[in-house]
Amino acid sequence: MDALDRLIDLALDEDLGAAGDVTTVALVPPSARGRAELVTKEEMVFAGAEAFARVFHRLEPGASVEFRVVDGAQLAAGALVASVSASLRTLLAGERTALNLVQRMCGIATLAAKAQEAVRGTRCRVLDTRKTSPGMRALSKLAVRAGGAFNHRFGLSDGVLIKDNHLVAMGGDIREALRLAREKAPRLVKVELEVTDVNQLEDAIAGGADVVLLDNMNDAQVAEAVRRVHGRLQLEVSGGVTLERLPKLAALGVDFVSLGALTHSARAMDLSLELLPA
Amino acid sequence: MDALDRLIDLALDEDLGAAGDVTTVALVPPSARGRAELVTKEEMVFAGAEAFARVFHRLEPGASVEFRVVDGAQLAAGALVASVSASLRTLLAGERTALNLVQRMCGIATLAAKAQEAVRGTRCRVLDTRKTSPGMRALSKLAVRAGGAFNHRFGLSDGVLIKDNHLVAMGGDIREALRLAREKAPRLVKVELEVTDVNQLEDAIAGGADVVLLDNMNDAQVAEAVRRVHGRLQLEVSGGVTLERLPKLAALGVDFVSLGALTHSARAMDLSLELLPA
Amino acid sequence: MDALDRLIDLALDEDLGAAGDVTTVALVPPSARGRAELVTKEEMVFAGAEAFARVFHRLEPGASVEFRVVDGAQLAAGALVASVSASLRTLLAGERTALNLVQRMCGIATLAAKAQEAVRGTRCRVLDTRKTSPGMRALSKLAVRAGGAFNHRFGLSDGVLIKDNHLVAMGGDIREALRLAREKAPRLVKVELEVTDVNQLEDAIAGGADVVLLDNMNDAQVAEAVRRVHGRLQLEVSGGVTLERLPKLAALGVDFVSLGALTHSARAMDLSLELLPA
Amino acid sequence: MDALDRLIDLALDEDLGAAGDVTTVALVPPSARGRAELVTKEEMVFAGAEAFARVFHRLEPGASVEFRVVDGAQLAAGALVASVSASLRTLLAGERTALNLVQRMCGIATLAAKAQEAVRGTRCRVLDTRKTSPGMRALSKLAVRAGGAFNHRFGLSDGVLIKDNHLVAMGGDIREALRLAREKAPRLVKVELEVTDVNQLEDAIAGGADVVLLDNMNDAQVAEAVRRVHGRLQLEVSGGVTLERLPKLAALGVDFVSLGALTHSARAMDLSLELLPA
Amino acid sequence: MDALDRLIDLALDEDLGAAGDVTTVALVPPSARGRAELVTKEEMVFAGAEAFARVFHRLEPGASVEFRVVDGAQLAAGALVASVSASLRTLLAGERTALNLVQRMCGIATLAAKAQEAVRGTRCRVLDTRKTSPGMRALSKLAVRAGGAFNHRFGLSDGVLIKDNHLVAMGGDIREALRLAREKAPRLVKVELEVTDVNQLEDAIAGGADVVLLDNMNDAQVAEAVRRVHGRLQLEVSGGVTLERLPKLAALGVDFVSLGALTHSARAMDLSLELLPA
Amino acid sequence: MDALDRLIDLALDEDLGAAGDVTTVALVPPSARGRAELVTKEEMVFAGAEAFARVFHRLEPGASVEFRVVDGAQLAAGALVASVSASLRTLLAGERTALNLVQRMCGIATLAAKAQEAVRGTRCRVLDTRKTSPGMRALSKLAVRAGGAFNHRFGLSDGVLIKDNHLVAMGGDIREALRLAREKAPRLVKVELEVTDVNQLEDAIAGGADVVLLDNMNDAQVAEAVRRVHGRLQLEVSGGVTLERLPKLAALGVDFVSLGALTHSARAMDLSLELLPA
């Protein structure tokens, strides 16, 4: 059972409980079948087709879910996104869980698109972070890509990122930290170092960091970092970044800007599932 | 394994993968122990003590997590919320997952507090909805209560709520729907009916609904509904509700106003976990 | 994976172990297919079609299970209930688990039918309780409905039922208990109070109980309770109830009588699965 | 997670749902602690100490459960069986699940004791079957032993039992079936053959069966089988056995009598969990 | 979910992580389909068809896996074993996990065939042990049978085997140990006793052991044991057994020789999965 | 539940079944406690302390497991590795599973040590592969490190490795494959390319590969590759590598040599768990 199934099962369990959908069981016979349409209620970048479909397939393997659009599509309000044919009980029992997933993913994709748009014409890429809703890591990262932005590490195992807390934990020697990381980590992951002071950049370069994260620096500090590094490693800006500040940061020549808000504070988009009369 | 453990396991699995935290494993010996503090970075209503602690206990059953505040506390920026003592590897591996949970819960509690404050002095109660992040239903409902607002149904099994889609599914006869619900549902759940037109209120009363949900009505329609019902059942307003509109709705005399935004669009609050030097 | 699948997996695991059905593996080639019939060996009300079918589908998704009757059917001995086509190994490996489920469910349905029949012509309804075999809550409740009786709460979350132990736990003040329950429980659950003395009825009514459970009262006490309440709330009788006493209790005018024996002591009905010669 | 934990989790999940015990959460503060006693309400053979304790430990690892009696004890009505100290919420949330387990196990143990008593003074042993409540196989078998009776196979993997359906499946040649079983099954399991006609006994002996199950035979047939076999293999009687018939069967000299009713139709014993005032 | 699915899920989880196959996701569109062939790279006895197929079905239920050979087939190098049609992403993501399973199973089957061949013409049977790779018990036992050798106990529940550590644990009295085992174990399992000294054989026979395991004995001791037992029970040799010694042991007249190396030290066979150009 | 617990549960389930350890249950009372020692029976590099201990803690959380050595220790035959104190039932039930884990891990560590020793004095590092026993990925990689060798990718998500099958799947253009990988993969993973012909090296360098895997090349080809690359990227040799060939390959100046045999064909080391008399 993959992570998406685990999340959907968890969501269905918390919504249905062991007793199930008491309203639908009381009102709708088990044999009745129906059709419903997923429609947008506002403008958005769409994401979440697989997650949406999976909810209904989890409840009824033979349910039919047909999408008119793909992840990444720019949609107007009122657009028909998908239609679902299944037993009425499946449609009604799965509606809320499916919407909860897709509304959040569209929110992330829409915000990611705005952010990447803000750096258009530069080589800067907008990255997500690990600040995702628990259980929604893969879906959140997928939505970011649907919006045209890019993924940072997926988790703690596909990249080394040495942060302030790591330096506190091992005594603070940057070069030793970089040496250990390069010696002990699996061979195909890169090593990134978080710095809070541009004077740490020499250690980063000497220690062989692949990427440096400039944490909570103002524009002048970022500019200074770009100047000092001079292309010897990649630079990422993180902390205190807003949509408004993005063009300025990109113009300074950094490789990446990461925004936690893409995944931790995107507003849910409005979509609804409308049952068609028989 | 309860639902919270399932969510935490899912979150830890997606963050740690099978390979684990490669940074920490490279830099920090397994026997090293440490202490970290959870502190607020902005003003908020706190929620999520149990979820936060559970993450560390899941990684290390003997970890010590001590809270200085309880769910529902109103905190200033810079407040010390909790301190955690555990192996350094546990602290570093659990940090992001624990923060992802608590930052969202504090966001919900803070918004719920604002919403309930907006109806202070009336008998109106602000309710949440089922529009929660998948897997976070119980935590979201807990955060709503921590903020001083109230819970609507937990899920599909602890209450009957007959919505538009149900009426479409069974042919649209309100009284028959209410009769079936009262006949077939378990004996201790109430029956709520969603209406989109005040003219449906007579059927609701005659059919024995316990609560009526007024869906997407304007203030005049809500006032008319209150007048017609005259206390014979409880009234809930839902749809198109903002913090600004809440006092007006409460003044009209409705029993409940429900807001999906409490749980689907609350901004994550800023808290951080800071490792103390040895 | 829903609760029924979890129960079936548990049952198959305990029966098959990791080594599987050593008899069948030794005697029957994996490619051999067969057909078997489920037949009654005594008169009964049938229940359990979905559970029976699910066992074989769990072992072999493509197995065909066709029912001649539906849950709730009154059957004579020797009736053909269903026929199953699958690999012989599936038929032989699933036989016992499928029968264990359906024999118990038919036992409950048959007893529930007798109980509801005993109150025919009155408005009294026979209810089940939570005294179900662990893991079989939903199946037991389904069997009760198949027999024509009714469901009390499904579990601890779809209704408030304040019992003696709760009053002991919080100090015994009935009105305060009712106030707390109405204030804090989700909005769509009703509140029931267990009373052991008719003098507690005034507190129940004043505190806003929706239902009162008369615990272990004799007929005179029940009659007195009906008289005092006079329709202001619903009354349920529980404890010391036998099939013989049911008509008397119904005649006294109570709304519900609940019987633990429906689910905790129903005798298993006799059905068998007979393999047809090739 | 072992099978008992899986069953208890399933039972707690179905009782608590994702929303939990709404009554207790409303009435009892999380920090309140209490003590409760498990007492018998009728005479019985006790069984189920571990299962009962495990429920509370599953909810609260630090709960204290102290037993005054062990499995197999013969108890009068009103006996104190165990006392439990835990948070009040744990006591109230676990009560029903713990009782549902132990009431069924005591029912089985009590019936098993009556059955084994009925063959006292003979070498006949009363055996259980696989007709157990789904998920309760191990607990049911344990209860049978607590009552002083004996266990047949645990499941399909710890013994070969060739039944009528197997012979139908592979064409009906008893000697070939026995040969295959002895050739292919793991080396440490015995081979039992079900026969419906005493004339099949010669094939059973010649084929090397270790045990023969005499299915649904009357006393004369059983006596004839004992005479013909003359100790060359063990004999088990099954089908149509009642407590009344047991002494007669034992006197005929069979080795085993198996009763499905021990586990499929034992009445639940009456025990209750009583909260002590603070 | 059966044990094989659990193992495959565990293997896929550890290989794919939550982030999935980043190479394939980057290079291959989700809609592209392909075909691959499983071919041998050396001579072997094949085993593992079901496990191999299951990996691809787990990733994509509609994948087609067609085998040209069955378990137990003797194959030359370069033989086409199976062809798989599925999405390219499925083929690439499942390749390593499927090969890891089948390469080990073929290694076991090939070694088992050599071992059983070494005792050809005698009544001696080569048995496996419980020294299997964790999670691969059933697959390892299946591979042993595919190679033509035989299975000892599957696990701890389908046979009693009293070893040295058990005697240490209960004080060392062989007859008492055998008595307890026969009295308390389920009725259809045999009782085997491990002996390290031929003088223990009398106790084994008197105590009613079905099988005796001669542990780490030299040829002279084994011969003496065969002489003393004289067919009154079955004899198994274990410990210090090599392929070279097998014929000698078989010639001495023992019933079984068990080899841990069959499953704990078989070399993985070389097979590869080759994608066919579109 | 982490991956190690899942593997151990799977191993315990397959060994214990639902019926448990019938030998131990028959012979040893549940309250008896004991002590056992893990000792080596041959020379080895030890690995697996955590896995070994976890088995006993899984069966009995309060079991005490004390190690005298750490992973990576070089041990003679007869060395005392650890002592375990627990209930006798735990010791006997967990013995085989714990040994099955640790014997394999020691086998891998011992072989890894030999391999890394063979390249001593060069900058070449011996790497493992993903050819691990299903479910044992993390344990196998840990054992490799214990032996002093190094880890390649953990799985499919912590590094891009473009193999022959990927090129077949996407049409064979190396530069396009490298471009896609760099564009779409998460930011902190490196990109490795498998080449079978030294003429592909220019594309690898031009396309920005971080590492090149030289597949099944002879010494002359490897030397030519080293010459052509001239340090512009890292080189790994894989396929057809034996312990004997390692020094030669290292001397040619490659960065890494990977050996599947480290994890797919290491012989299990001999260790035993000996119960101490009370």
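Lettered A, B, C, D, E and F in written order, each chain numbered from 1.
We take it that a residue touches a chain if its C-beta (ideal position, glycine included) is under 8 Å from a C-beta of that chain, and two chains touch if they have at least 3 such contacts.
It should be emphasised that the depicted structure is a prediction, and the values quoted were computed from it without experimental measurement.
Asks: So chain D and chain F: same face meeting same face, with over half the numbers shared, or different?
Replies: different
Asks: Rounded to the nearest 5 degrees, what is the angle of the rotation relating the C-alpha atoms of chain B to those of chain F?
Replies: 120
Asks: Report the inter-chain centroid distance for chain A and chain F in whole angstrom, where each centroid is the mean of the CA atoms.
Replies: For chain A versus chain F, the centre distance works out to 32 Å.
Asks: Could you please state the distance in Å, as a whole number, between where the Cα atoms of chain A are centred and where those of chain B are centred?
Replies: It comes to 21 Å between the two C-alpha centres.
Asks: Per the centroid of Cα atoms for each chain, what is the distance between chain A and chain E, given in Å?
Replies: 44
Asks: Can you list the chain E residues in contact with two or more other chains?
Replies: Residues 1, 3, 13-15, 17-20, 22, 137-138, 154-155, 157-161, 186, 189.
Asks: Quick check of your reading of the touch definition: is the inter-chain graph here a line, ring, star, complete or other?
Replies: Topology of touching chains reads as complete, every chain touching all others.
Asks: Can you check the complex and tell me which residues of chain F touch chain D?
Replies: 1, 9, 12, 16-20, 22
Asks: Please give the residue numbers of chain D that touch chain E in the complex, ascending.
Replies: By the definition above, chain D touches chain E via 127, 150-154, 157-161, 186-190, 192, 210-211, 256.
Asks: If you look only at chain E, which of its residues touch chain C in the complex?
Replies: Per the stated touch rule, the residues are 1-3, 137-138, 141, 154-155, 157-158.
Asks: Quick one: in the complex, what on chain B touches chain E?
Replies: 13-15, 17-19
Asks: Using the touch definition up top, name the residues of chain C that touch chain D in the complex.
Replies: Residues 3, 6-8, 10-11, 13-28, 32, 34, 36, 88, 91-93, 95-97, 99-101, 103-104, 107, 130-138, 154-162, 164-166, 168-170, 177, 180-181, 183-186, 189, 260, 264-265, 267-268, 273-277 of chain C touch chain D in their complex.
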